[in-house]
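For reference, chains read A, B, C, D and E in written order, and residue numbers begin at 1 within each chain.
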Amino acid sequence: MFRFNYHLPGTSPATLLRREDAGDDPPIITVLSYDQSRCKETQIAQTEELLPLLDDAMIHWINVQGLGDIEVLTEIGELFHIHPLALEDVLNFVQRPKIEPYDDLLFIVSSMLYFDSPEELASEQLSIFLGKNFVLTFQEERGEDFFERIRNRIRSGRGFIRKMKSDYLAYAILDAVIDNTFPILETIGDGLEELENALMDKPDRQNLKRLYDAKRLLLQVRREIWPHREIFGSLMRDDSGLVQHETQVFLRDCYDHTTQLIDMIESYRDLSAGLMDVYMSSVGMRTNEIMRVLTLVSTLFIPLTFLAGVYGMNFDPAASPWNMPELNLRFGYPLFWFACLIISASMLLFFRRKKWI
Amino acid sequence: MFRFNYHLPGTSPATLLRREDAGDDPPIITVLSYDQSRCKETQIAQTEELLPLLDDAMIHWINVQGLGDIEVLTEIGELFHIHPLALEDVLNFVQRPKIEPYDDLLFIVSSMLYFDSPEELASEQLSIFLGKNFVLTFQEERGEDFFERIRNRIRSGRGFIRKMKSDYLAYAILDAVIDNTFPILETIGDGLEELENALMDKPDRQNLKRLYDAKRLLLQVRREIWPHREIFGSLMRDDSGLVQHETQVFLRDCYDHTTQLIDMIESYRDLSAGLMDVYMSSVGMRTNEIMRVLTLVSTLFIPLTFLAGVYGMNFDPAASPWNMPELNLRFGYPLFWFACLIISASMLLFFRRKKWI
Amino acid sequence: MFRFNYHLPGTSPATLLRREDAGDDPPIITVLSYDQSRCKETQIAQTEELLPLLDDAMIHWINVQGLGDIEVLTEIGELFHIHPLALEDVLNFVQRPKIEPYDDLLFIVSSMLYFDSPEELASEQLSIFLGKNFVLTFQEERGEDFFERIRNRIRSGRGFIRKMKSDYLAYAILDAVIDNTFPILETIGDGLEELENALMDKPDRQNLKRLYDAKRLLLQVRREIWPHREIFGSLMRDDSGLVQHETQVFLRDCYDHTTQLIDMIESYRDLSAGLMDVYMSSVGMRTNEIMRVLTLVSTLFIPLTFLAGVYGMNFDPAASPWNMPELNLRFGYPLFWFACLIISASMLLFFRRKKWI
Amino acid sequence: MFRFNYHLPGTSPATLLRREDAGDDPPIITVLSYDQSRCKETQIAQTEELLPLLDDAMIHWINVQGLGDIEVLTEIGELFHIHPLALEDVLNFVQRPKIEPYDDLLFIVSSMLYFDSPEELASEQLSIFLGKNFVLTFQEERGEDFFERIRNRIRSGRGFIRKMKSDYLAYAILDAVIDNTFPILETIGDGLEELENALMDKPDRQNLKRLYDAKRLLLQVRREIWPHREIFGSLMRDDSGLVQHETQVFLRDCYDHTTQLIDMIESYRDLSAGLMDVYMSSVGMRTNEIMRVLTLVSTLFIPLTFLAGVYGMNFDPAASPWNMPELNLRFGYPLFWFACLIISASMLLFFRRKKWI
Amino acid sequence: MFRFNYHLPGTSPATLLRREDAGDDPPIITVLSYDQSRCKETQIAQTEELLPLLDDAMIHWINVQGLGDIEVLTEIGELFHIHPLALEDVLNFVQRPKIEPYDDLLFIVSSMLYFDSPEELASEQLSIFLGKNFVLTFQEERGEDFFERIRNRIRSGRGFIRKMKSDYLAYAILDAVIDNTFPILETIGDGLEELENALMDKPDRQNLKRLYDAKRLLLQVRREIWPHREIFGSLMRDDSGLVQHETQVFLRDCYDHTTQLIDMIESYRDLSAGLMDVYMSSVGMRTNEIMRVLTLVSTLFIPLTFLAGVYGMNFDPAASPWNMPELNLRFGYPLFWFACLIISASMLLFFRRKKWI
């Protein structure tokens, strides 16, 4: 459920540790620069190409995908005066989402959740550095991300984004992360609603597995989303001068969405706890029903079987007049059936009075 | 359990998204204007008709029912200087109840709960904008609402309402929402009380379903009511100048009612958790009772059946004197019955000592 | 469990609503006036008689029992300048205990708990208005109350009460309410202690009912007592000038008692949760024991019964030498018994090794 | 579990109520006076003897054991200017541990826990009055107490105690109370650790009882210890001038110990909740195992028994060639056994595939 | 689970108590002195050798391993002006991790966790005294510790450590302690993940034991880690002047790691609670399945066995025409089999409708 990527205990802090599963592909670095009137996109191969692009009058979004090449990271870190501890956190992805102020930067760790398979959530760490006129983002994976719509908004100049500063860009990125969690919760919630009926009717092992998976997914989403509230809260009362007053109202909106997500997660957790109770009760109830049938049939026939057994005994009537004289009675056999009827009827009466049938 | 109406992740904030299930009917817009001496009601078809009605000396309640026509919403939004994010929240109805201050407005999201079917609560979002001399409300559904009694109070001039400002009107609307929750809780509570006896006596699947439904309803009511306490708290310590001092005591009353509702919800939740325990115990207990009967009958007759089986064997007494000499005894058969009696009696004694009968 | 007496949603606040079960009897109004040297008791029939009695130099305790006559209540309300919302709360008895400051009054809602039947707690709302030189109390029921001992203390002039102001009288009334909760908790606690042993030995339906009732009673007491802590806390830091410095130490004492009650309630709740676990475990354990006996007897005799069945078969030895030659063996029958012995012994050995016997 | 000693509701506060079980023996009053150079012990019979002993230059520890004589208590109370409410609390032993400042006194209620029997904790209330140069303690029981070692330290002059003021003496007494709780917790913890293995192997009624007792004991210790943290916290930030600066570090130490105790209690409570789960699971598991054996044996032999029953039927082969021709087959009997083998084998195969054997 | 090493209640505080299991070996004392340019390591045998080494211009790390010799501890304590209560806490190892400011020292109690056996965590107390230019550490055990990598960093002069003050050294030590907890949690987490599948498929006693062990380990780690957050928080807002501004950012990093650990522990605890539910449900489900087979086979064959028993009875057809005329029917035997078929088929139909097969 959790990925572990800790350095060896006792090693120096801020040691950059190459992640094992990072692959050898070089990172993809794209720079998207814009102001109210212009917008320029560049993909660069060497970090040296970066510096000439960083025109002070524009907002720059430097997006780094893939963390396999530590040297490149170190160069970027130096270029933007990033504290080594923060750079270490970019690589060390067991990070809990958080926000940390540095001298003229805000460092935000967020995480992008998506379904890897129907019962497995993958989370990819997203590290955001917000500076005066740039946003620097690091993603673990190369390739598609959640942010194509934001790029289109920048390219087209629609909406607020081109009119605002770098803080609004950071907000837009975080907002996309939060918004991406709604469909995930919807999927989990739909699954729980299906389970509601299924568990009542058919409390089998597969449904138990699905319920447990839903609980685990909720736990995971909760772990990732909960700290975001703190992040937005912290951004709203920011005193670093990086967050403009006009962005506050957007951040508050995002804060509300996070609160709403947390609220829904807690409700779903409550619901799934209730479903577990329903499951257990259903199993108990079914066992009870099965037992009732067994008991009914058994207790009805066991005395009769005994009686039939008795008259199947071979005590010799010839040897003694005491030995099974019933066998020679004129109405012996009909009397046997009559006895069976009486016994069954009284049993059934007993069951009815116990309300078992 | 929750409705989802989120926009695509990454789209620009404040994008107005037409809800899918909104229908094509145009919204019904009614304006109720009043001061201490006058009261006027108008239903308008076009937003342009609205402006001339908004006389500064009167209090105006503009009520919009039905959110299918985004254009109309946008026009109203512009007319009252509503922030696009707030307008978005009017349409995006997964909103958690909340209060948000804007420059010269208070934006309140509340929700109206009613029973859709005996086990399903529907919730309709109610968006309230409180301005200096107006209250603007948006309801999702066209048609009847909770507020006819308030309109009558305004029309008749009874009570405080005509003497007070727009803040009192907003209070009256929210108070009606809160008061509407009492009968809902009463229904749920009655259901739980019925279950108390039912679960003890007859812990069947249907009662389990009813208990689970009650738990889910409580969860839902709680989700909607809990944030209202924050809303009233925030209104009471309002510093926007929109809430008059005389309204404070009414808001405190409403705050108290909300606290009381929350208190009752928590008590009912506690109670329903206790009922689930009772249910499980009852099922276990009934299984136990059924088992006891089965065990009793089985263990009584199984040894006897074996004995009867023994004397039904066909070992040939003629072949050897060792072969079943009992069959030729003078009192063989009576002795068999005597043995049966002894065995049964000792079994019953054992059961009695175990306190199973 | 809760009584509901809400007005119709949307009606004007502060509407006085006659309670349905209030009866038609007029309220009993008694006035007890005292200062350090004098003490005078009057029962009045009309509210007009009240005013002449209210001598400023004395402390007055006006006690109203029975809330059936709304007109009388309104007159009293006007006489003492009671806010209509507070007066509404007097009638609307689903009130949670609370304290509310009004201009020159403190309004306290408390509740008197007593056993209606051994498993049902009744609660009667007690509304207290504390003014400069009077205490005005409203009780739902006519007749006996908890406060006769306080009246005797006033009449006799023993203790502090005649030397102190109206705040001490209000304290004395609330103290009596709190003190009355101790015997209730003692009764519940005694019931739980009895259950401790009963549940271990005999986990039947009746004990389950008693345990559930105890849990429900605790929930109810808790709901009523918990808010009292807030009431005493609020009285202790009172800034209305109504609470004298000398009364503080008594209020602190009462606050401590409330804390102690809450502490005991929580402990009992913890205990009863533990008892529910014990109950469930006991049921499971007993089912297990019953199963063990069933399994033992069944598995012992079922193979033997089969064996006896085999030798009861009628394969014709005459038709073939392969057909049941055992039946003609010299020691066939003894060998059968020997086989039975061997089978039983090995079964018993197996059970012993499984530690089932 | 709790002792109740409340006065009748409505009686005057500060009424001294003789406890029922107090016995008629007069209290034992001992005075231990010391300063850095001197140390004097006196046992007195009359309260009048007390006053001459109270030399201002020394620290006095007046210890009263046994609370049967209310008159003596009243005299002592007057001598030390004790508030009547505090004196009432000395007698009214359902007190929760607490600290209360009075004019020139600190009143502390603590409680001494000891094992009355292996599953029953007794608690004795210890009331401490800390004045400028005296500590006055009241114990419920005459005879041995926890404090002999403190007396020895005073007598011998070892350690800090003779060099410090009365506040250090009060600290030393409370420290002894806290330290006495460690062995109690150790005993409970040892019991839980024994249960860990026992519950896995043998989830019987006796172990359930032991587990429940452990939970109840933890609840009791928790109730008594928890408020001590508040006591030490309050002493550390004392502003009465009674607590010297040098004692602070000792109080902090004691505060730490209390925190540690609470921490351990909570851990043990967590552990015992886990053990209850283990217990229930173990019972369920054992029932499951027993059922498996029953099912195995029953389903193996029941079909065979039926088959044997079939060939024990007496349909007359002579009457019709259709009547049981198998009985006259040459290999009828061996075929029967072969059929039995086949049936058993396929059953066993089925069980093996279900992983039941 | 907890080690107890309390002194006898009532003994003087700050009494140094030799631990029972400490062994007689003398402590190993090593001194590592360094500044930016130099680094010197010494192992000393006598405490007297210590003083000359403590050059004011360097940072000194005095590491004491093994606490068997109280005299040595006392000498060291006097040398560094350590408060006797702090020195007592070094020996009294049930200490909860904590931080305590003394005059010119910070006293930190931490604990090193490691696996003693796969299901048992050992914890060794680490006491740290941070002074102006020294760090004094006490470890319980002689021999290897967690800190060799720190020593190597000092020796090699790599990283920040040689450039910083003693506070950084203390941070590095605590950081190593925290980092050592990650692999422990990883082990526990891996165990839980394995259990997820195992419990679904095979809910046996061994897996229950493993689950319980995991819960207990989490409880233990939590107890040790939780207070560290307070330690780092306290260090970050330190006002003793011992913690440099540059170290703050490292402490914040460590604080984050601790938060992350706590977060993971809580998630794992949640998960293991869910697994316990799964376990119980699985057991119930398996019992249910077994019961179903038993009931199926029993109810199928018991009526048939009865029928076979009937026609095995020996009522004498010769004695009366009423006695078992079926036995002489031409198609009696085939009819018997037909009846069996009908009965079985209707039973199976019933089971199918109940969805049991």
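The definition used in the following text is that a residue touches a chain if its C-beta (ideal position, glycine included) is under 8 Å from a C-beta of that chain, and two chains touch if they have at least 3 such contacts.
Note that the structure is predicted; figures quoted are calculated from it, not measured.
Enquirer: Give the chains in contact with both chain A and chain D, ordered by label.
Expert: Intersection of chain A and chain D contact lists gives E.
Enquirer: Copies chain A, chain E: same or different interface, half of numbers shared as the threshold?
Expert: The interface is built from different residue numbers on each side, given that under half of them are used by both copies.
Enquirer: Give me the C-alpha superposition rotation for chain B onto chain D, in degrees, nearest 5.
Expert: Angle of rotation between the two copies: 145 degrees.
Enquirer: Find the geometric centre of each of chain B and chain E from their Cα atoms only, then give the gap between the two centres in Å, rounded to an integer.
Expert: Once rounded, the distance between the two centres reads 40 Å.
Enquirer: Taking each chain's centre as the mean of its CA atoms, how far is chain D from chain E in angstrom?
Expert: 25
Enquirer: In chain A, which residues are in touch with two or more of the other chains?
Expert: Within chain A, the residues that touch at least two other chains are 280, 284, 287, 291, 294, 298, 302, 305, 309, 312-314, 324.
Enquirer: Chain contact topology under the given definition, line, ring, star, complete or other?
Expert: Here the contact pattern is a ring, one closed loop where every chain has two partners.
Enquirer: Quick check on the complex: what are the chain A residues that touch chain B?
Expert: Residue positions touching the partner: 146-150, 153, 158-161, 172, 175-177, 179-180, 182-183, 186, 189, 193, 196, 200, 249-250, 252-253, 256, 259-260, 263-264, 267, 270-271, 274-275, 277-278, 280-282, 284-285, 287-288, 291-292, 294-295, 298-299, 302-303, 305-306, 309-310, 312-316, 319-320, 322-324, 354-356.
Enquirer: Per the contact definition, I'd like the list of chain E residues that touch chain D in the complex.
Expert: 1-2, 4, 6-15, 83, 85, 89, 94-96, 98, 100, 202-205, 208-209, 212, 215-216, 219, 223, 276, 279-280, 283-284, 286-287, 289-291, 293-294, 297-298, 301-302, 304-305, 308-309, 311-314, 324, 326-334, 336
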